[in-house]
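Please read through the structure below; I'll follow up with questions.
For clarity, chains are labelled A, B and C in written order, and residue numbers in each chain start from 1.
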């Protein structure tokens, strides 16, 4: 059984190294500030052996975008859910995690294409499913439904 | 010194061996691949957006159309996510039926994967036809329980749509009795064939650490020797009750991925046997309101689909429609490393490597 | 003296010399090409049917009795197709290529003996002529690949040249062994020299020749130039119509020619008891061809570097050794007594075992040291499938009964029971059910009902939603129309339609339904 690590405990661990990185946590996830995302991810990968980035999801909550990273450790079979929020709507940008996990490559491109969140430091950030001249990002809630 | 220039060839979107409308822009030096860029999106239907305006029950037929070679698995993962979100308990019998059909689906899907892979190696449809023969029997069984042969729409939130008809179990028994014999036949046809070995051993090697780092899953990850199967690592439904092994490869080459699939079929037959023996009587569907309104919240449910970790991320908001519906598509994420695997190999190997990753474009593009 | 020369000599007595030389040539060409056309059609027929049986299918059986007219139908289909020349291609070369590919295959037949005197022209260097002519076909293939202006074709053309030139050498060297034993280059004398078929005296030579010839024919496992899964159709990707059919014809003519050469050089040609010589030759030709497509339906294909390695590291030294051993035997035992047969078999086995240890691909990881055991096992398995019952059915005469709860293509609507509650329309995921109702004496009356089956998912949710059992899935599974509009089914059509409801969502109905046709387990005859 994959054991979810306690967010409170991890938030404390992160806080010791990176103060002010963790903005909040609840019973299932840790919220980190978007500026500290890369540092936190690196900390989690190196210190907690979270070697497997299962999935990246972006949700549009109108006032902010929420990015959810499901991290798993194949070695110890535990998991952490990392969340970050991006409050800008015009040009939301987050640090790319491709240099930590190659698996983020296509998933970040997908988020960029459909949700319009760009990732700084991504080696090949361009639209993945839609063509390059496409206007808008369909998974945003304000994208007009046909 | 002869002056040479690289040649760029577009494989697809219309090509016999790209398993759908997938496109690879490949640069060759002679026949050796120096660069490869996968291009997606020719089958993008916007299912994630579409499902935000459907009720939770109406989404089930749409999940059929993600990975159309493993519709049952998609149904399974999706209804699990919704049940987790709404906190629904499902009856025992439904759990067993779900496991039976999901494992049959795994066999059916692996049959296509292996058959298609051998076609990519250049076999003239013979292994493909033999494997289709067995898949056809599984489709007959599925038709018996749910009335369709490809897009099953079998599982419902809270159970499955129908109980099995009385003739199902005898037919299933006959199938699980003869299936190991057929797998032996495939082994006889292929496992020792010198040409298959020469074409697949050592080709497209994916080291274990890279496979993990690139979020590969399913037979691709296990072919690299990582013993990671969600049925065992994070047991969902009732998988903790069955005995089965997780076959893993040694080197992570195309042969190991092919071998893992063949072995997984044997294990799936084993699981189906156990589930058949233990199948309890009773209801197959829990009482669920006709229009389900799950509470506010979010859930990530994942299963081991034939292609890897299939996850559904749902955000509920008290309305009959999900606020966000996201699919973690194993086919797409397994393609992350396609370029790394192919570079340095020959034209023919790129086809074999792509075949051994086993993608379904409807899931890649969604 | 060949048939052609005899005809010329006879004509010279009556006609001027130019006519006496020209007319027999034209007549010979016409006779030969129509004969070849017949044989090629037979080849295509038995290959398509045979591969079908290897794959537990029925194979083509619609055109004529047992599908015997299938090649004719194929030919007509190909010939009436539009002829396309790629705009970026080279027009003239595109035209010439199929002709150049086809002619050499045809010309080989000039020296194939169908009987002791049934040969067009018994030139005393028959073998040399064959080798010279048959290599010319590659020029046609290369021209086709180049002129198509298509990258797949170009890759195929380059592969062709590399492959054919490499395999030509072991091919010739393996023939040399035969020449040493027979002591002649003439095809007739070679057949006459075979008191024991040379396959027994030259087992290794035969194997090398057969493998190299398979490569010359571009047949599996050496079909790299038209490798469908890699380069679509190779050099003839851009060909259609008449020109494509010429390539097709050339391929099979070449297969016929090579089969005939194998039969002549190694299987003692026309010789055989009771039956007429020409018939014996044809029997042997068909046997060789059957082995060719048997291998095709079993084996995958080699990669280009493995293919070249096999030619240069495997076949070439083996052919040289074989030539050397045969020459030594010719000096020690000039009469080639039959006891040599055993010795040669042993030598062949030894050399194959020794040589197969040499093959290592992908570093040191894979070797061919199994001496082809795996290939033999696979061939045995496909052979066994030849006798299994085919699993395909003769649709539309033979129809399968779907499962009782089959979700077929149309819905069955019961007007009496429907109360117009629109539950089905609400349940439909694609919103294709359009119902309008008005108030009647006893509840609602359905005024319009329209369902667009062009968009239907056949998910069955509408049937499940119906509270009054007025809507059923149907058990039909054929749906075709030329117009999308005709897939929109209206109320009147629902009422008029033949009602064959399925038991989907109504388990009570299941008992009276006919049982589903299940795929029966294949029975083995032997």
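For the reader, a short list of remarks on this structure follows.
In the analysis below, contacts are C-beta pairs under 8 Å (C-beta built on N, C-alpha and C of every residue); 3 or more make two chains touch, one makes a residue touch a chain.
Source: prediction; values computed, not measured.
Under the stated contact rule, the graph of chain-to-chain touches is a line, running from one end chain to the other without closing. A summary of chain positions shows that the Cα centroid lying nearest the centre of all protein Cα atoms is that of chain B. Rounded to whole angstrom units, the spacing between the C-alpha centres of chain B and chain C is 31.
Remark: chain A and chain C have CA centroids separated by 52 Å (rounded to whole angstrom).
Averaged C-alpha coordinates give centres for chain A and chain B that are 26 Å from one another.
Among all residues of chain A, none touch two or more other chains. Across the interface of their complex, chain A is touched by residues 40-41, 44, 46, 48-49, 53, 210, 212-216, 226, 228, 233-235, 298, 300, 302, 309, 311, 313, 315, 323-324, 326, 328, 332-333, 335-337, 365-366 of chain B. Put simply, chain C touches chain B in their complex at residues 51, 54-57, 151-152, 154-155, 220-221, 223-224, 227-232, 296-306, 359, 361-363, 365-366, 368, 370, 372-375, 377-378, 381-382, 385, 391, 402-407, 427-429, 457-461, 464, 473, 502, 504-505, 507, 510, 515-516, 518-519, 521-522.
Chain B makes touch with chain C in their complex at residues 7, 9, 15-17, 31, 54, 57-62, 64, 118-126, 129-130, 133, 136-137, 140, 143-148, 151, 153, 161-163, 165, 167, 171, 174, 178, 185, 188-199, 201-203, 346-349, 351.
On chain A, the positions that touch chain B within their shared complex are 1-2, 51-55, 57, 59-60, 68, 70, 74, 77, 81, 101-107, 110, 114, 127-131, 138-139, 143, 145.
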